[in-house]
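The structure that follows is given in the form of structure tokens.
Going by the order they are written in, the chains are A, B, C and D; count residues from 1 in each one.
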């Protein structure tokens, strides 16, 4: 289904007075700032939607009653992301996962996607599951495996994913490895590292010149003793040894308890090795909850480092890093959940853009800690939602995406159209 | 020193237009709510200041250059809290610690305090340190000690603290025990519990009828293997066995990583056994940072449970629980730090007061998880600072306490008056 | 398949000389102790095997290549546990899970089981997954659900499980609830507790007089914000309100990071409310690894409290608590993994039995911490494996269970017999 | 005081029969291994004692009743380490801390130390505390400080420490920085890194050619929001940028919860950047407990990686890494505590030396996870204490150091001689 432009306009019209009131108030508050440029940055900022996050998620204990109307094909997944993008104007890309989304006809898909204003973001390979008919199992790892044939199978899979990506106009490969071990003694850490590096080098050499490789790290799960790309330090080691096209990818849920993620982000930017982001939120582990639902202040602090660090390097916020959601929607409608995530990310970005950098630098140079806190919390405490809404308005999207989604009964229509379908993927 | 009422008025006058603008905007936004009643609750809400938090804090690695002008006596501590209360109108109580603040003349102190509009909040005993001249050491615990004489000394100390409290008009005793062990085998957990219970019972029996005993728990530190009142479950066991005057006290920093403190609060309220709070914030352990400086959303979620649970029991927000800050000011001016903590607490309280309970109940009854999140985040995302400021204004305090504190150069004056003094306490 | 007694004898004969040498050495070392009584306690100690742990486990990211020869039916599961028991003489019970193991003919099953020397341990209900054809989904909880009909369905399921258990001669029901929430605001903690309590009361009232109800707690997963029976304090609250047949069940993996589980065990024993155990090991969360594979010293410390606490209450080690493994075998042959778990548990139990309690009490009474550590570590550092082996020998089982299992090529035979089967369950 | 050789001999004589019995049993068990070479490695292995660990430690809540007889001067500290070394033959080095141990006459100290068979291990600088009379405070960091003068003071202090070390024959500088921040916004992470790197470079350039610089990392404390050398990844970044004399130093207590330290060790060895170790144990944070007192299996797993990784690089176990204890003795006699730590370390080392590497490699190459676990646990479960005792015997030290220490009433004699002295340091 499509959301018609006139449906959006009608919705916006009904909210416009209230929105304008809030926006003017905000503009008055921030009169000393170039608010227009902030809004433009918000318009430009796009967060990719992963194809596997469009259905109801689950845990190892199973998946509960599905939402219904979930996309059955890559085409329907594109349609869903198209719906999101129509609603929020900020989800203009889809990140595909092979083999869950093997494109049969790349040109047709590109046409379909571009009809929704969508691009193909980073491609995701999968060597954390066995595929039917595969010669080798990844039970004991893929790129790290002691068996060269297993490694070869995993390398070839990654190269195949690159090829699909080239055909679709993507320009990045995200490698998330579940490789690791469940018990002390199971593997030799050094050899596992060396095997993984060698495997990554082969994949790297198959990357087009203008592509990036994102090496994602994760502290634990599905391996419960060690992970072979386990933290940012390890990812950075791989990325440095691989070369200038290789970068570290940060997934917010992939850390040990209490990790200071914003510091990691700042250092990776300093090293020129931050590649991209997987947004989600968590309380215990890789809980894959809606971005901003548990620790919204942390999300702001991360964006504070991103904006500061990218500006220091002269980077383009919208283009020079890969932005993607990676969440699991176990108890919410996946599309509503994604709308909430994008909204939370945009708010955090807006807050970071409005931080008074000059005053902050000054407070830091004076070791005026109380003042530094006041400066950060002042933007965080400010209600910037109208700025984000204005960005949507200018992008032709909805002032209140979830309200419109519910008002239009989008989910019911999807169920009517598709039935009680379950999305492919996890 | 004193802050004169005309200094406050002058400060408020200079900010009044801007404040009114924000307040009117807020009132319009929340026109469907009894905002006046919310403001009145904010006016009534008072957070006690601990006498030991008025100086520069430190760690086991030492204390860095002090702030200067720190209070040397109990009278100067009262003066400092008086300054805070004049500035924010919400710090109308001081929580004393024995033996750091032994009152020589209770009546004079009461007069002094009441001159600043201050009451004496919960009294704090100290059996986590040895005192010069004490017959016994608490190296191996106090109320848990295998040696009856040590327990007796600790019991008598607590009873003495109660007596001081009676003289000052306090009505609660906070018992924080560092008791525990550093190594497996050091103590018998059951016997340690039984000794502690028996000791607490003796102290309990010395409590006046209208007093409360707060049994504080802590996961770890200064003992690093076990703590004898280690979590809310243990504290509740003690409080239940002791009787109706005994309650659990929650200190935000005293939990294992990732604990859901708001759920603990809700259950203790359900059981009628929540006694009070020690506010602070933390990232790693009992970091004792400024309230709201690390996890402001968590602080709101806790207040959300407090308001809901107290209302369900028909409790008086301002009177029926003990509210206190317990923080350490290692890198900020202690008075500024306390002003920031109180502000963060008041904002969280205001947010909780504005949660649309009816809509939230409805969303919960419909398992509409996305909606429930929207409801909570809507008040959290709203900028309610003008409500808190208005409460201060009505209380005769400052619209912007830190700005006035800095504008009046209070710290400099304290240094001039007192010198480079170090506060007693930790 | 069966392991024949003569196969075991042949195996034992080949190892006997070496075993005797080690045993005599040990007996000499512990000449001051009643070693015979220790061995007898080891002979008597039985650890139940959960029916769902006989197949290859997985994570939310999938299940890797299976081991093959996994049990397809409840009868084959009993056969597998029979194999284990023949090998180690310490796995004389099976814990069934409904609906994964619905007994069709209880009498036949009892006969089958008793042929292997097996009893039916605690029955496990399942309201953490939806069952095909069920009227209601547990997506938003079962016993906590806001919808009375859902609660009713879950209550009735538990009562049905009790009935199955009665028919099989079990005498306990383990209730593990995944109930909780994934997002702040999703549920009202107090109402969730009250609903859960009311539901448990209905189930409790269906318990035969000589049955126990085990209320299992878990910190997180599959819910990632709150769990309605989230820690021992909550479980104890339920168990206390329910009555004398209700107990807390401790699963080693169900705690927040760094929790002192041995202290929890000691306090629950003190309160007369410890019901039983789920053994496994973990590094990060509920990793469900082989018992003793990550923190063998912690396992010993837990048994140290169990032995001390049960002896203090005059409890029978073998009978008065429920002992069960609850692990997931993702990268090992499940039967080998279970043999390793049982071995680790028996060693920890043996170590705890040999702790010099008198000397330990004395060290504790003298606050001689270094000595207390020496006493505990002395038994932990001692190699007591020959004692455990001797207990097996006397029980007619194998001196080296895994060696015999491998020597007899049991897995190959199971694969030949059953094929590449996948066990039912998680 | 000194322990006379004949006192040791008398003690050993009394235990010799029992020791020989255990040793022969062990030798028979490990007949397939070159046990003599293992014993020789144990003889050669020396663990440095930090000068600040010879007195009673404390926490931020204070220090409890001291042990008495604590060393008041650097000479007495050397005497204490001499006592330890006489007792265990494995503590042949002392690690000094400036300014707590400023040597007045290096030659005399060297003579004194060599009389006890002691060398001077890595020198430790201190910029985590302010020193009386210092021009600048480190309240807001030392090498990271925004103020160049503060950095300069800290750099010069480190260079002075190097000079002291040269005079004493040391060949390494350990730089532990408490630098970091307590609140979001307090510092700019990138600039803090850059300042720190620049400062370290200046210190590095003052290092003699044959010296090493150890860059120690720590996750948190005394800063509670960020630490500027916060994890191994950051330390490795510094060490790599500094050059070939710079290495990472691993302190076991300086990690986030659940970190896999053994994997970190393996990777640092792989990179040729592991410099040394600070041994201790912990349950919650940097608890600084006796090595091996909480997680002895982890200690073994770390040594397992050390032995494997050093052998793979052809490194000399005894000489090519810096081995040091860093613990705090809050509830034990410091000297007994240190004896227990050294014993636990030696046992873990012995266990690692006896791992059947060939079998382990084979199991790893076959992905035989159960077997790999058996191999590791077989040496861990074996009682190798007689090997460590034999190494002591051959070194002329005591078979049972703590028993002799207590038998000779060393502590009483120290108290008699020195009085109720408190050691300098933390």
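FYI, a residue touches a chain if its C-beta (ideal position, glycine included) is under 8 Å from a C-beta of that chain, and two chains touch if they have at least 3 such contacts.
Labels paired with UniProt names: A, B, C, D = Sugar isomerase.
Nothing here was measured: the structure is a model prediction, and the numbers come from that model.
Visitor: Superimpose the Cα atoms of chain A on the matching ones in chain B and note the rotation angle, 0 to 180, in steps of 5 degrees.
Guide: 180
Visitor: Identify the chain pair with more contacting C-beta pairs: C-D or B-D.
Guide: Of C-D and B-D, more C-beta pairs in contact link B-D.
Visitor: Report, in whole Å, the distance between the mean C-alpha point of chain B and the mean C-alpha point of chain D.
Guide: 40
Visitor: Centroid of chain B to centroid of chain C, CA atoms only: how many Å?
Guide: 43
Visitor: If I count partner chains per residue in chain B, which residues reach a count of at least 2?
Guide: 139-140, 181-184, 186, 219-220, 225, 257-258, 260, 283-284, 290, 293-294, 297, 331-332, 367, 369, 373
Visitor: Okay, in this complex, where on chain C does chain A touch?
Guide: Contact set of chain C toward chain A: 58-62, 64-65, 128-130, 137-140, 178, 181-184, 186, 219-222, 224-225, 257, 282-285, 287-290, 293-294, 330-332, 426.
Visitor: Going by the contact rule set out above, which residues of chain C touch chain B in the complex?
Guide: Contacts found on chain C: 139-140, 146, 181-191, 193-194, 219-220, 225-226, 230-234, 236-237, 256-260, 262-263, 266-267, 269-271, 297, 301, 304-305, 308-309, 312, 360-361, 363-365, 367, 369, 372-373, 375-376.
Visitor: Considering the complex alone, what residue numbers of chain C touch chain D?
Guide: So the residues of chain C in touch with chain D come to 25, 257-258, 260, 283-284, 290, 292-298, 331-333, 336-337, 340, 347, 367, 369-370, 373-374, 377, 380-383, 385, 402.
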